[in-house]
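Scroll down for the structure; my scribbles are underneath it.
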Amino acid sequence: MTVTAAAVQPNLATVGLTKSFGGVTAVDGATVTFQHGKVNALIGPNGSGKTTFFNCVTGMIKPDAGTATYRGRDITGKASHRVARTGIGRSFQLCRVFPRMTVMENMLVAVRSTSLRRQLASARDPQELDRARGLLARVGIDHLEHSEARDLSYGQQKLLELAGVLMADPETIMLDEPAGGVNPALIDRIANLVRDLNAEGKTFIVVEHNMDLVMSLSDHVVVFDRGRQICEGPPSVVQNDPRVLEAYLGI
Amino acid sequence: MSLLLQSLVLGVLLGGLYALLAAGLTLYFGVMRVVMIAHSAFLILAAYLAWFFTRTTGLDPMISLLLTVPLFFGIGVVMQRLLISRLRPATLTMMSVLLTFSIALTIEGLLGFAFTGTQRRIRLPYGGANFEILGANVAVVKLIAFLLAAVSLGALFLLLKKTQFGQALRATIQHPEAARLVGINTDRVAGYGFGLGLATAAIGGTALALDSTIYPSLHWHWIGPLMAIIVVGGLGSIPGAAIAAMVLGLGQSLLQIPLGTTWAQTFFYIALFATLMLRPQGFFGGRLAQRF
Amino acid sequence: MRSASKALGLLAAVAFVVAFPRMAPDAFILSVGVVIMSYAVLATSWNFVGGFTGYISLGHAAYSGLGAYATGLLVIETGMNPWLAMLAGGLLVAAFAVPVGIASLRVRGASFVIVSIALVLILLLVFQSWGSFTGGSNGLRVPRPFGTDVLRPEQHERFFYLHAVLLAVALLTWWLIDRSRFGTGLKAIREDEDKAQSLGVPTFQYKLVAFVVSAFFTALGGGMYALWFGFLDPIFQFSILVGSYMVLMSLLGGIRSLFGPVLGAVIVGYAVEYFKAQYGDTQFHLVAMGLLLALVVLFMPDGIIPAASSLLNRFRPQAASIREVTAAELAEQRRSAADAEEREPVTEGARR
């Protein structure tokens, strides 16, 4: 999985992205380029602004300054449903599902309806149901189709969230701590899913604290500290960069 | 000209009371993200208590503050701890509105039960006294009410700015998670925040009782303008609320000249709609307001 | 099996509604029936925004009141056919709801509630003060759609059925939205608005549409009430209390179920009318209303229907068909297996 650097296309890219809350600058002029078709990792110590960065580029919050582009299209400050329509799907740090809707209903939320007729048509379109069941089977929770999401275990909810994001068929998937709070077997399952999906052409941008996972999974690593990129490169290079050690150990 | 001046002075006096009450409403919203519909019901309750106190003891209604302020503070703390904190965080905003709304209805009903719907007014020896200032005629009671509100607001401001508790409270308003991380017991702070908010209603109620006729359903006339004020000021911002209260109070008072009392009231609602259309985060609001 | 019993229940309810006017012993009981029907229409209409999006409006009396006045004034001022006036009133109110919705739904939660209450208060002020047009505090007499030769009980009966038809249309619309993609998006907004938007749901537009539909049906309910009752007083039309009845009814019955608001309307409406008849208009009303609402919010926010159906499910294993039980059990077994798999990763390899 070495980067042959032949034709690295930019996927999501930001220039000088900045967001502060009151007196705290969470993202401070972040200029980052993620690679299309690859598994990108975004790492950094706690509070280095990774999640705020995610929220800024996906339209959950408006950045104070800077620009974000996705495959050349400007997405700065766009509402999150518009960002989603450009082909970016995302998960949340503490996994978020719709608790009092069934697993199947959770899946159907992401189905895009272009016309008024389709909006008013029954949500239980056989084709979409089949696709949803296929994705649920893929993450391994198809037997829970009729359960309410709040009755699922945390791990199952994480899988449901991932399947729900896939339902919108995004080109790029941003995962915020996919391995957070789940057991090792499930981490393996999620890692395999990411690999398979990447092989099928999906780009990933993953925020993760589990370094083994980051190193084994990703092609390209971006390291954040205090709201901006301090270094980037393939995992093997980043691992040995003194700036990264400094950021993590605070030397 | 003197009519205009008169209205200006009355507007400032009214704005002071609005500012105090709006500050209370902002406190609840700040610490708990709760829109406290019952705020003005407690205001009227305090006014009734002041009236009842004067009627039974013959003492000055302001002495009732010694009882109502601690009482209301206590009720506020208890209400936050026992009722509001029971609600699920996911639906807190909506359910707390309903809960405080139901408290408002209950208070209104109980007041009607205890004191009937008859309009009440405190008879004060200095009730009819006025004095002239710059050619404007001002009732002494209005000035007392304003001073009461201004002093309380000043005290509240000092409490928030200068004390350690005030710092904890502001931290809780601005960023609850961060406040918890630095060791602030945000639950307790939220409880005290509620108590403080309700204490402003106690003071405001007494001030109101000095120069107004009161009746149980009067609180609906207060909650609308107060909510308009906190939205215009920017939800969660106490200085914003105070400034908006002054501006809107003055506006109402001035508009009364050409429009009359009733239509002048609509000024608040027009300001509310205009704010939400043009600047939904309010005119002085910070980060908080963006998401509510 | 389940759908069969549902159909049976629906049939029984329809039969009861059809038979009610004949069973009612006197005109008074019949008029109570009309009032409860009217509440059912209003609560169901409220539930388009409350149930789907989770946004609680305390001021829906604004739309029923506007619908009532629009209908009455159109009939009086233009001599329009009363039923056309009702429909036109509904459309006017829906158009009015668009800017209100834009102002109050762009930001989250709190502003919506504040605007909803403010709107009732402002309309009360305006309709009381603008005496030359609205009749002011003296009220507005609305001409009856049926001639004077139609006697009172007959009037009640006709309006009972007319309200029932309106209710049926509202329920049907709610049901259609509930099963549509639009409805799925709305429910997602209720559960987690940010998450829904991140999945591509245009949350603001969805909320706005649900809100306008809700205002439309509420206005129709108000308009029909105006034609039945024949007299409008701003104090009762733009009353915070009426708005809170709609909330209490929907919440008590269950805002996430189709028939929840109807059930709530029957219970609360009956109780309100009973107390009015027994004790007249006293302050006790407010206290009872306040306490009941607080109890529901604190202890039964999901309402009666979900609580009852989960209770029923617990006691009905034998009643269900055998296949259903095994399917459920299978799911249960699988679920516990999946849980076990998660807790003990070691066994996973062994099981394969």
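By written order: A, B and C. Residues from 1 in each chain.
Methods note: a residue touches a chain if its C-beta (ideal position, glycine included) is under 8 Å from a C-beta of that chain, and two chains touch if they have at least 3 such contacts.
What you are looking at is a predicted structure, and each value in this text was computed from that prediction instead of being measured.
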Compare the CA centroid of subunit B with every other chain's and tell me the farthest one.
-> A
Any idea which two chains share the most contacting C-beta pairs?
-> B-C
Taking each chain's mean CA coordinate, subunit A and subunit C are separated, in whole Å, by 39
Using the average of all C-alpha atoms in each chain as its centre, how far is it in Å between subunit A and subunit B?
-> 45
Take the average of all CA coordinates in subunit B, do the same for subunit C, and state the distance between these two points in whole angstrom.
-> 32
Subunit A: positions in contact with at least two other chains = 99
In subunit C, what residues contact two or more other chains?
-> 192
Listing for subunit B: what residues touch at least two other chains?
-> 90
Partner subunit B, residues of subunit C touching it in the complex = 54-56, 58, 99-100, 102-104, 106-111, 113-115, 117-119, 121-122, 125-126, 128-129, 192, 240-241, 244, 247, 251, 282-294, 297-298, 301
Okay, in this complex, where on subunit C does subunit A touch?
-> 176-177, 179-185, 187-188, 191-192, 194-204, 256, 331, 334-335, 338-339, 341-343, 345, 348
Which residues, counting only subunit A, touch subunit C once they are in their complex?
-> 58-60, 79-81, 83-85, 89-90, 92, 96-101, 105, 108-113, 118-124, 140-141, 143-144, 146-147, 153, 155-156, 164-165, 167-168, 183-186
Show which residues of subunit B lie in contact with subunit C when the two form their complex.
-> 29, 33, 35, 37, 83, 86-88, 90-91, 93-95, 97-99, 101-113, 117, 216, 220-221, 223-224, 227-228, 231, 235, 262-263, 265-266, 268-269, 272-273, 276-277, 280-281, 289-292
